[in-house]
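Presented below are the structures under discussion, each in the form of structure tokens.
One chain, chain A, appears in both complexes that follow, with chain B as partner in the first and chain C in the second.
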Partner chain A sequence: MVVLRKDLRLELRTWETLPAMVLFALVTFVIFHFGLNRTTISGQLAAGVLTVTVLFAAMLGINRLFVAEREQGGFDAFLLAPVDRTTMLVAKSAGLFLFLCVLEVVAVPAFALFLLGPPLGPALPGLLVVLVLANLGLSVIGTLVSAIAVHTRARDLIGPLLGLPLLVPALIATARAAGPLLAASHRASGPPGKWLLILALYDVVFGLLAYAVFDFLLED
Partner chain B sequence: MFFYAPLDADQGFTQKIFYIHVPLAIVSLGGFIFGGLLAIGYLRTGDRAWDMRSYVAIHMALIFGVGALITGSIWAKASWGHWWVWNEPTLVSFLIVLLLFATYQPLRFSIEDPERQSRYASVFAVVAGAFVPLNYLAVNLATAYVHPRVLTLTGAKLPPSMGLTFAVALVGIALLYVTLWKYEMAAKNARSQVRRLRRTLLGDDGVRPVGRSAAPS
Partner chain C sequence: MSVGNAPPAIELSGLARYFGERTALREVSLQLPEGATLAVLGRNGAGKTTLLRILASLLRPHAGEIRLFGEPLPARAFAVRGRLGLLGHEPLLYRDLSGRENLQYHARLHRVELARVDELLAAVRMERRGSEPVRLLSRGMVQRLAVARAVLHRPQLLLLDEPRANLDPAAAELVEPLIGRASGATRVLTSHDPQAALAEADTVLALKDGRPVFVGAPEQFGAERVRELYA
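Our next item is the complex of A and B:
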């Protein structure tokens, strides 16, 4: 809890990571607009654009996640403290989860404004569920990958290199679950259960896995 | 393989590559999971011999995986007419797994402290090993089947003579993997023993310093 509060306070004072993520997402929408040469998009394409943008913006946050700890000796301080090591995992992924939620609060309306053809309103509840599940997966995997990458020499390189393939199943499930919600016609009332189930399963499995192995990443 | 098994009614001779491609892919995936299990051994005991085993297992599985990808492409060109087919879950998920494990070597290479290298690589191997089946599940559900399902839960849908040939090929490739793994382990162990002997006999100056490498030394 203290680690989480420290991270949030640091972010509130310096505004280092979160604005960068939001700006990055907005710029990506503009690039998609020109890259696809479309004024509005819908359905699976829209879901894909949204998912990829969130993923890449999350990568920025993931790269920064442990940098402050490393540069200012936070790891040592944490190891001296009489707490279980997995609290670091929980705190860091909770922080990343909150960052992602804030990012989406800005990025999703901007997406609807810039690119999305059909109105956002009816899709919002379903999209909320999908994005929360996706954020869970992103934050757990992101924390794990970031903890591995932060001690390597080329950490900005290793992070995305490890993270992207690991996140591919979550990416597929998110895009597929959000696709029918954003369709122009024959809009589904809720996200397809199959994909939500896969996303949830992915979150649970990697949550447990990260919980099991995270201890080893802090032993120093 | 060439004379015993009957010619495929539809594809003729090109179908023979099936006996190499499919076992290569299966053994490579098995090797990745095997590497993950060995990495658990390292994390439990802290003995670097386990890390060496895990490293060699993943290294070999990567080579087998590239082999499977190449033979698969050749077969796909011959029977489907394309080198690569995106709407085919088995191909795509295999590619994702291969890309993931391709980062294993750069990861090792960019960590200098050997202790830490072993530990982080092991953590990665465990996570990635668990990722293999989950990835299969996700990608398989994402698209329809194009690969013929010859090995289903209800039994192989092959004529007996083909099934026998396939089984023999699978066992053969698996044994090749095990042999190469043991051979590489022996080579690595011998090299480290030679280094140790030289050091005791010639003193520290007699041994060239190890350059940074991805392999555990």
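Our next item is the complex of A and C:
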């Protein structure tokens, strides 16, 4: 909680990450609007556009996740404290998860306004479940990738180059789970269980992996 | 200086560290009893900061053994971290947080009572400017905050890399009770001013290109050796 509270305070003080993520998502919707030359989209296409936009916006947050720690000595200060190193993983993942939730609070209604054909209301409860599971995966993988990238000179490149391939399974599962919810007919009573299960499994596997290797990422 | 049968505060044996092909430290061996002060002297790039970072458990040695208060590093680093205070080249403070917020963050990490923050802000005369973001403060003020940060958790071993850098004489006097001999802590310090460091030291370690060229009492380390070391 100490690290998370500090990170949130830093963001509220500087507004360096969250506004960029939100603005990026909004601009991307406008680009899709014109790029697809469609006034409305639905179904799998809509799910794909929403998922890809959230994923790319998340990369902005992922790239900045450890910048203050690296540039202002936060890593050393943390490592000097008698604190379990995985605390940092949990705090950074929780911070990114919160950022993604805030992003989606703005981005999903904007998506409905700019692009989505069918009404958002009936799809919202199911979409919420899908996005929460997707956010969990994005947060854990994002923290892991960011912790690797921040130690490299080309961290702005390494983040996406390493993160995007790792996030492809989550992208597929999220888009497939959200597709039926955003269909014009909206016959689905909820997201497909198979894809939700895959998404949940992905979260658990990468959560455990991150827990196992994070200590080593903070080593010199 | 050591208490009863307490192990030495620092025991180094054949310590070495490399950065790629470059040797940053090698064959460093010494013992320092609790409460004593070790002055590490040498030109820029001699390995002083590397030694301090190894002692702080922020860098792993590539060879040799290191024990702090009898605990081997890096295996038992977790056990000694709370007993170390590092004042390095970087203040380890977030620029967009105030001095008070930074110290409160460190206090929480070290599970220190928050009243200690106000106590230290007063000690380094930063009560009034303590609520301003660190990025707005002068380098001297930031250094005073860094001193407060380093001693916040009452460390038994102080690792001081140029501790008086950016401090005017009045500020240097101000932090003396916190990081000077009066602090009661075992100290390892580096300084650009060898005479000042020698005056404070019980033991001297002189490094040249990462290798120790002298380990012993300061009175044995004469003016001629100082000149040779910095030539």
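Just so it is clear, the second predicted complex is superposed on the first by the 219 of 220 C-alpha atoms of A that agree within 3 Å, B and C clash if a C-alpha of one lies under 4 Å from a C-alpha of the other, contacts with A are read in each partner's own complex, and residues count from 1 in each chain.
Just so it is clear, a contact is a pair of C-beta atoms (placed from the backbone, for glycine too) under 8 Å apart; a residue touches a chain by one contact, two chains touch by 3 or more.
Note that the structure is predicted; figures quoted are calculated from it, not measured.
K.L.:
Who wins on chain A residues touched, chain B or chain C?
P.N.:
If we count touched residues of chain A for both partners, the winner is B.
K.L.:
Let me test your reading of the model: by the given contact rule, A:106 touches which partner, first (chain B), second (chain C), both or neither?
P.N.:
neither
K.L.:
In the superposed arrangement, which partner chain does A:98 touch: chain B (first), chain C (second), both, or neither?
P.N.:
neither
K.L.:
Which partner does A:80 reach: the first (chain B), the second (chain C), both, or neither?
P.N.:
The second partner, chain C, only.
K.L.:
Between chain B and chain C, whom does A:158 touch in the aligned arrangement: first, second, both, or neither?
P.N.:
first
K.L.:
Which of the two partners, first being chain B and second being chain C, lies in contact with A:168: first, second, both, or neither?
P.N.:
Touch status of A:168: first partner only.
K.L.:
Quick one: is A:4 in contact with chain B, with chain C, with both, or with neither? Answer first, second, both or neither.
P.N.:
neither
K.L.:
Determine, under the contact definition given at the top, whether A:120 touches first (chain B), second (chain C), both, or neither.
P.N.:
Neither chain B nor chain C is touched by A:120.
K.L.:
Show me the chain A residues, by the header's touch rule, that chain B contacts in one structure and chain C contacts in the other.
P.N.:
Residues 219-220, which sit in both footprints.
K.L.:
Which chain C residues qualify as touching chain A in the complex?
P.N.:
56-60, 78, 81-82, 84, 86, 88, 90-97, 101, 105-106, 108-111, 133, 149
K.L.:
Spell out the part of chain B that touches chain A in their complex, as residue ranges.
P.N.:
43, 96-97, 99-100, 103, 106-107, 110-112, 116, 119-120, 122-124, 126-128, 130-131, 134-135, 137-139, 141-142
K.L.:
Please output the residues of chain A touching chain C within their complex, sorted ascending.
P.N.:
Touching chain C from chain A are residues 2-3, 6, 9-10, 13-14, 68, 72-74, 76-83, 219-220.
K.L.:
Given the complex with chain B, which residues does chain A contribute to the contact?
P.N.:
It is residues 144, 148, 151-155, 157-158, 161-162, 165-166, 168-169, 172-173, 176, 194, 198, 201-202, 205-206, 209-210, 212-213, 216-217, 219-220 of chain A that touch chain B.
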